[in-house]
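One structure, pasted below without further comment.
Each chain carries a letter (A, B, C, D, E and F) given by its place in the written order, and its residues are counted from 1.
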Amino acid sequence: MISPVYGLVYILLAPVAGGIVAGIDRKITARMQGRVGPPLLQPFYDVGKLFEKENLIVTRSQNLYALSYLVFMLVSGALFYAGGDLLLVIFAFTLSHIFLVLGAYASSSPYSFIGAERELIQIIAYEPMIILSAVGMYMVTKSFFVSDIAATTIPIILYLPGIFIGFLMVLTIKLRKSPFDLSTSHHAHQEIVKGVTTEFTGPNLGKIEIAHWYETVFLFGFIFLFFAFSVPIALAAIVIAYLIEILIDNTFTRVKWQFTLRSAWIVAGMLGLVNLAVLYYLSGGIQS
Amino acid sequence: MAFFEMAKTAIRTVVSRPATLMYPARPGKKTGLSRGHVVIDPSRCISCGMCMKKCPSEAICVEKDERIWRIDRLRCVVCNSCIEVCPVKCLRMDLQYSPALLSHSGLETFLITYVKPERPKKSETGENADA
Amino acid sequence: MKIEEQTTIVIGVEHLIGRVEQFRKGGYRLVQLNCSKIGEQFEINYCFEREYRFENIRIVIDFETEVPSISGMYWGAFVYENEMHDLYGVAVKGMNIDFQGNFIRTSVQYPFRNPSFQGEGPCQEK
Amino acid sequence: MSRKIVIPFGPQHPVLPEPIHLDLVLEDETVVDVIPSIGYIHRGLETLVAKREFTEYVYIAERTCGICSFIHGLTYCQGVEQIMDLEVPPRAHYLRTIWSEYSRLHSHLLWLGLFADAMGFENLFMNSWRLREFVLDILEETTGGRVIQGSCKIGGVRKDISNEKLASMAADLKGFEAELSDLSDVFLHDDSVKSRLVDVGKLTRTDAYDLGAMGPVARGSGVGIDLRKTGYAAYRDLRFEPVTETAGDSYARCAVRVRELFGSIDLIRQAIEKIPEGDIEVKVKGNPDGEYFSRSEQPRGELVHYLKANGSKHLVRSRIRTPTLTNIPPLVKMLQGCELADVPVIVLSIDPCIGCTER
Amino acid sequence: MTYLKRSPWIIHYDASSCNGCDIEVLACLTPMYDIERFGIVNTGNPKHADVFVVTGSINEQNKAVIKNIYDQIPNPKVVVAVGICATSGGVFRECYNVCGGIDKIIPVDVYVPGCAARPESIIDGIVKSLGILEEKRLKMKNPDTGQSSTVGRK
Amino acid sequence: MIELAFLILFPAIIALLLLLVRSGQIRNAVVKIAAVLIGAGTLILLITYFSSGMVLFSVPFEPTAKLMFIAELLIAGFLLYLGIKHRKYIAVGLVIVQALLLIGIESGLAGDIHPLYTLFIDQFSLIMAAIVGIIGTLICVYALAYMETYHAHHPEIQDRQNIFFFMVFVFLAAMFGLIFSNNLLWVFFFWEITTLASFILIGYSKSAEATSNAFLALEMNLLGGIAFAGAIIYLLIADPSGELLGIEQLLASGQAIALVPAVLISFAGITKAALMPFSSWLVGAMVAPTPVSALLHSSTMVKAGVYIIVRFAPVLSGTPEGLIIGLVGGFTFLLGSAIAISQSNAKKVLAYSTIANLGLIVACAGVGTYKLVWAAILLIIFHAIAKSLLFLCVGTVEHRIGSRNIEDMSGLIVRMPKIAVMMLVGIAGMFLAPFGMLISKWVALEAFIDAQFGLIFVAILAFGGSITVFFWSKWMGKIIAVDPHVHRQEDTMRKEKWMVLYILTGLTVLVCLIFPLISSYLIEPFLLSVYGQTARLSQDNIIIMAMMLFLLLIMPFSMLIPGNGARKVAPYMGGRPASADMKFLGSMGITRDVTLTNYYMNDLFGERRLLMAGTALGFGLVLLSMVILAGMIL
């Protein structure tokens, strides 16, 4: 069921794709702001530069956490693309974020500390929705394995419209887009400086940036699953979803953590659960 | 609920040309009154020292005996004061701003070539103001 | 053409609180406090305004005279009083928020008492 | 929980364009206690009156602040003129008014951008500043300086604006106004912006008056003080009403400034329409002797230049009381009990100009 | 191939200026000038920055702040002093609380004159600093060619 | 058979011995030897029976029954005396009710019963025995060193260590008895002994708080005891021969008969496992010395509660009552986790986390499909190990730094690196992939989807699971924060403490590695025998998880890679000249310390509000089940 080849392909190609997507994002964002914007390959320059820089640390263990964040992001993404168990993927995904949070805690610096707390709040905000998405896919396809879900001919999106909308919201949190770029932000300035990444410099920040690319591609894969019945539609959906995210990024203020938590939970609760309940009802109550 | 108020502007700017001036590729914005940097015509300067007296940041130094007119570019606030007080109008505001320097060497010295009765045309010995 | 009438009344330090209280009761707002060093004395202005009527009371004191704080009547006066203290060394008694000389941190103590100048001066004496 | 988070906020901080420092005491993210401290920009420029002649000091006064530089210059000149009983030609008055209002446009747009940045709305920041460049262009075309205009002098102004230029300026305002109204829609009507502003940093009317709030802070709380009503420069000839809002929160202060933008455009139009021909300056003779509290309306509120002269070339005392200084006590009140995320919003909602506050 | 020149991130600190240069530094980021075209991002966090843009002169209070920020920027780094206050103290040079230009405290690599420095000048200054940044990187990589310490004021 | 008897009786004998011993040295030796013997006995038991399925034993019933009856009456009398002495009249009332019920059973109903089998053992009992026998004894050994320090730190508390260890070993004996008994009368007897033991241990310090909390625990457990007695009475009325008193026989008799007693016993289990309406006693039990908490939370007491519910899971499965019990568990999980966010006292966090996890186990058992029971048993195992490790770590840290507040544990990794790492392993074991608790939660999640009304539980698990991430992570964050205020402290600790901690840490990791073996040799056969079906994790996932664990273990070695000349700087403090000790010159010229405190989000997750909600919900659900039950009985 699990094919390591795809996982390997992901490991090799995701940073390229993720970097280009980040470049496109920055370009479009700049254009929305009436600017020319950076070159398309700017994210690669940035990361390349970060690896050229000196590594400043507050404590040595930061290196460990930054590396672990990257490694486990890689593991979860590779597992996903290899067709592994969706829930395990999600747990590995959470694990990688915990490492990021721990890295922020380790330095015991005021701003990265607050960033870490906010990152945790974000995790508890989005995690239910992601799990519910996986559950929804299971209810439709009867399998938790990505390989099975991806191979299905059922248009999952038709069964899970509510879940998908909820997932888009979570995607905004995950991609660190305004209005939910609470813990760290690529864009507008923040009251907590750079949040979780405040104390990471040079190569460590580069690792985090690469992990973020991996994450983007992994999340695209997740969108793909909703449209897995047709590859062209799925690709179009990914593009549209990302464009919507960019637009949202550019038309919202950053909100506070209370709003993030409440709205994410309410959306997960309302859209996600109602959708699942309807599905459950339609399928006549799945019996054991 | 009025979200996406910004979307109108955002989408309009995406499709229209960006407002960026593309500065180094194209020359910077200048107007007729822009204050770039002060230049002197040393052949007309009578070394009266008015510019030095009225300079609010004391960037100009006129040494009558040595016939030197000196300006520190890293002190000059380009306020136009010296130009206004100059009785012979030998000072003028150039539109081009002074360039960035790699060391603390803003001092520019001009040898005043004005000779009292007549105005002989002698070549400048100081460096040109336009760097 | 005068823009507005400005009245200045010089009073003694002991009458200060009473006068300020009157302004307070009259619905005046505090415009500002400021200190100037005139000779060997401090001149402190208390400016009030109501409906664009500008009134100023002034006390003239020695360097050592203690001035009562008006922050009891005008809560926001502490910024001016702290500033006065930090720049001139005016002793103000009973501020609601006393920064202990740390409101405006300066390199020299009470710099406005004897303004000093540093740095490279002009290239020649004017 | 008795334990609190104690962190320094500033002086260097990405949301603070200028260095101020706050000791923040937080509980979760709620601000329990906040103590500001300033002094990072203190230069002590008031002492320079002893070094510079009163005519030269204009350049120093202008450089008190780079955002409202013109109004500082104007207020200083006006003070000296009042002491010396100089009659400034009416055209100079009108030109001063026009530049003041352009300065206000520039300052408010700048503030709107920074305010958007504090809320984490990058696009709005960029668009506000894009619009601001229009104002800066006009300022540069007419005075020669983008931010430090240097066009005010004792006895009048240093540069005239040709009537053709005035006409084209008036014409250009139309397109500007249209773009501005798109922008103001976002600030005033977008719900995500509102969610960050409404009920954040409440200041009641009585508090605002008692604590000495000035400018948009006071007017946002319903205190309709606007020093332009005293009729300095050419304001006595122009129609306008102080903009007030009653809610007293950050949204109200934002709304006041947004509406003032349109007010300024209107004032510029009126001034251009009514501007008389004539001289732009009078000769200054002798030295000033006397004192005056020169007051004007800065974009941030009431600006006071206290000038005292004794008949010599050097003033005895120049004291600059900026609106931000009077707005600090209300700020301290507003910050109590807010959220950490609101701190930059509230700090910016008084439009702090630390550069001039600390002089 | 060096990436450093293509992605200089700046941190801006307002030492004690009149705001004029500060807002011009910010104006560089905005649509009209858009320095993000060169990959320049205003990070606001010294630990992510490569270019330290300082406006305004040093005063007694911010000496330590500037030194601290400078120390927290990872090598290689350059300092750009923007405006005449930052280069020499400007009109406030003689004030009792002003110590002078930035180079009194930290080594400055590029001096951008102007009061207030125009955005074009600032862009020129930052672009000029990139060359120095690259030199410093090479020095850091091959330390035998010389100390990576920066050229200060003579 | 002999192993069973040994495990029940030997601790009891040791207990009596310890009661008499007053010398610390002898006590030390006795406890250690006993621990080794019990541990060895447990292992022998495991080896002997792990492949043999269910084995039933008959023990001479009559004399033991009489002895037990007398013992129970003595206990009742003792409790009555204490209750009156401390004027706890609710407890007195409950004791009287229970005593009356007992007398009723003994005199009226149980006259002529003689069940065939009184002891039994199957894989589930084996697992429980392993938990009690290994973790329980480890805690005992740890307690030796702990109690010495405890009394050194608290001179005001009377040194009654002989009673302490007496009670602890009685506790162990009772636990063994409870899990080996087939006869419900016996189970009830041991049940009551655990109640008594916990009561005395909680009240050990004799402070007012300890006493009142002890009585709280007593009252709630007595309530459960009464329900238990009610179940026995019901069974005796239904079948006077007493045949049905055998758990084995009762389970085999089908839902129609077994449901009512199963629900009543589950109610007793809910009180013992401290689920939502009754959770306060377990939180109150925090006043006891830490080994007691560890014992109550991990291997004994609460585990008895869930043990009995899991036993009856097949009966509850698919019934509305089962669903309600499951819901009680589910909401307890959700609310317990949420409350843990608002706590800064480490033991309270652990307590609420225990409550939450027990809730999850009960939720699994209440819904009761075979997959869920599989998950429930896994949860029991992983929870017991990780929780005992955490409690003992907290206890150790408390003795060293004088606080059990998580905020005070800041920089523990610098101060006491070894303890800190163990604590991290324990915490990771509680919520992180690929550690145990997470595996169980994951399996439970998958299983709930297929269960009836499983969607509710899926939602609960999705939200509750993410909530747990919050409080564990922030605790981890505190520990690993390299706090410049703290310094390395000497690691001077008694060897046995270290040994216990090392073993537990090792077990936490080891069990994650070998859980597939545990599953296939112990849990799956048990499920097969009960349900005829069994669950297991797919091979791929096991391999992946093993790889992840391996990766996690080698990750720290990346620290050994020579860094690229990493330069250390102070953290960013807004440009403030930050000294190494994180002081900054604040406003008004006052130098202040940076202090960083975790978020507690009291307005969202406040203890009082959520506890009230939980209690109301729990009571509502319990009442509902009682109403349904009454309907069924009538």
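Structure notes:
In this text, a contact is a pair of C-beta atoms (placed from the backbone, for glycine too) under 8 Å apart; a residue touches a chain by one contact, two chains touch by 3 or more.
As the structure is a prediction and not an experimental result, all values here were calculated from the model.
Fewest steps needed to get from chain D to chain F, stepping only to touching chains, is 1. Of all the chains, the one whose CA centre sits at the greatest distance from that of chain F is B. Using the average of C-alpha coordinates as each chain's centre, C ends up farthest from chain A.
Contact analysis places A-F first among chain pairs (by count of C-beta pairs in contact). With centres taken as mean Cα positions, chain E sits 38 Å from chain C.
With each centre defined as the average position of its C-alpha atoms, the distance from chain C to chain D rounds to 23 Å. Computed centre separation for the pair chain A/chain C is 58 angstrom, with centres defined by C-alpha atoms.
Chain B and chain F have Cα centroids lying 80 Å from one another.
Shared interface positions of chain B, i.e. residues touching 2 or more other chains, are given as 3-6, 10, 13, 18-20, 22, 29, 56-58, 77, 79. Residue positions of chain C with contacts to 2 or more other chains are 99, 102, 105-106, 111, 115, 117, 121. Looking at chain D, residues 5, 7-9, 11-15, 19, 29, 37, 39, 42, 44, 47, 51, 59-60, 63, 121, 123-127, 130, 133, 145, 148, 190, 192-193, 358 sit in touch with two or more other chains. By the touch criterion stated above, chain A contacts chain D in their complex at residues 29, 32-35, 110-111, 113-114, 178-179, 181, 185, 187-193, 250-257, 259.
Listed in rising order, the residues of chain F touching chain E in the complex are 567, 569-570, 572, 575-578. On the side of chain D, the complex with chain F involves touching residues 1, 3-13, 19, 21-23, 27-29, 35-37. For chain F in complex with chain A, the touching residues are 369, 371, 410-411, 413, 432-434, 438, 442, 445-446, 449-452, 454-455, 458-459, 461-463, 465-467, 469-470, 473-474, 476-478, 480-484, 538, 540-541, 544-545, 548, 551, 555-556, 558-559, 563-574, 582, 594, 596, 598-599, 604. For chain A in complex with chain F, the touching residues are 1-2, 54-61, 63-64, 67-68, 71-72, 75, 79, 84-85, 87-88, 91-92, 94-95, 98, 101-102, 104-113, 116-117, 120-121, 123-124, 127-128, 131-132, 135, 138-139, 144, 193, 198-199, 203, 258, 261, 265, 268-269, 273, 276-277, 280, 285-288.
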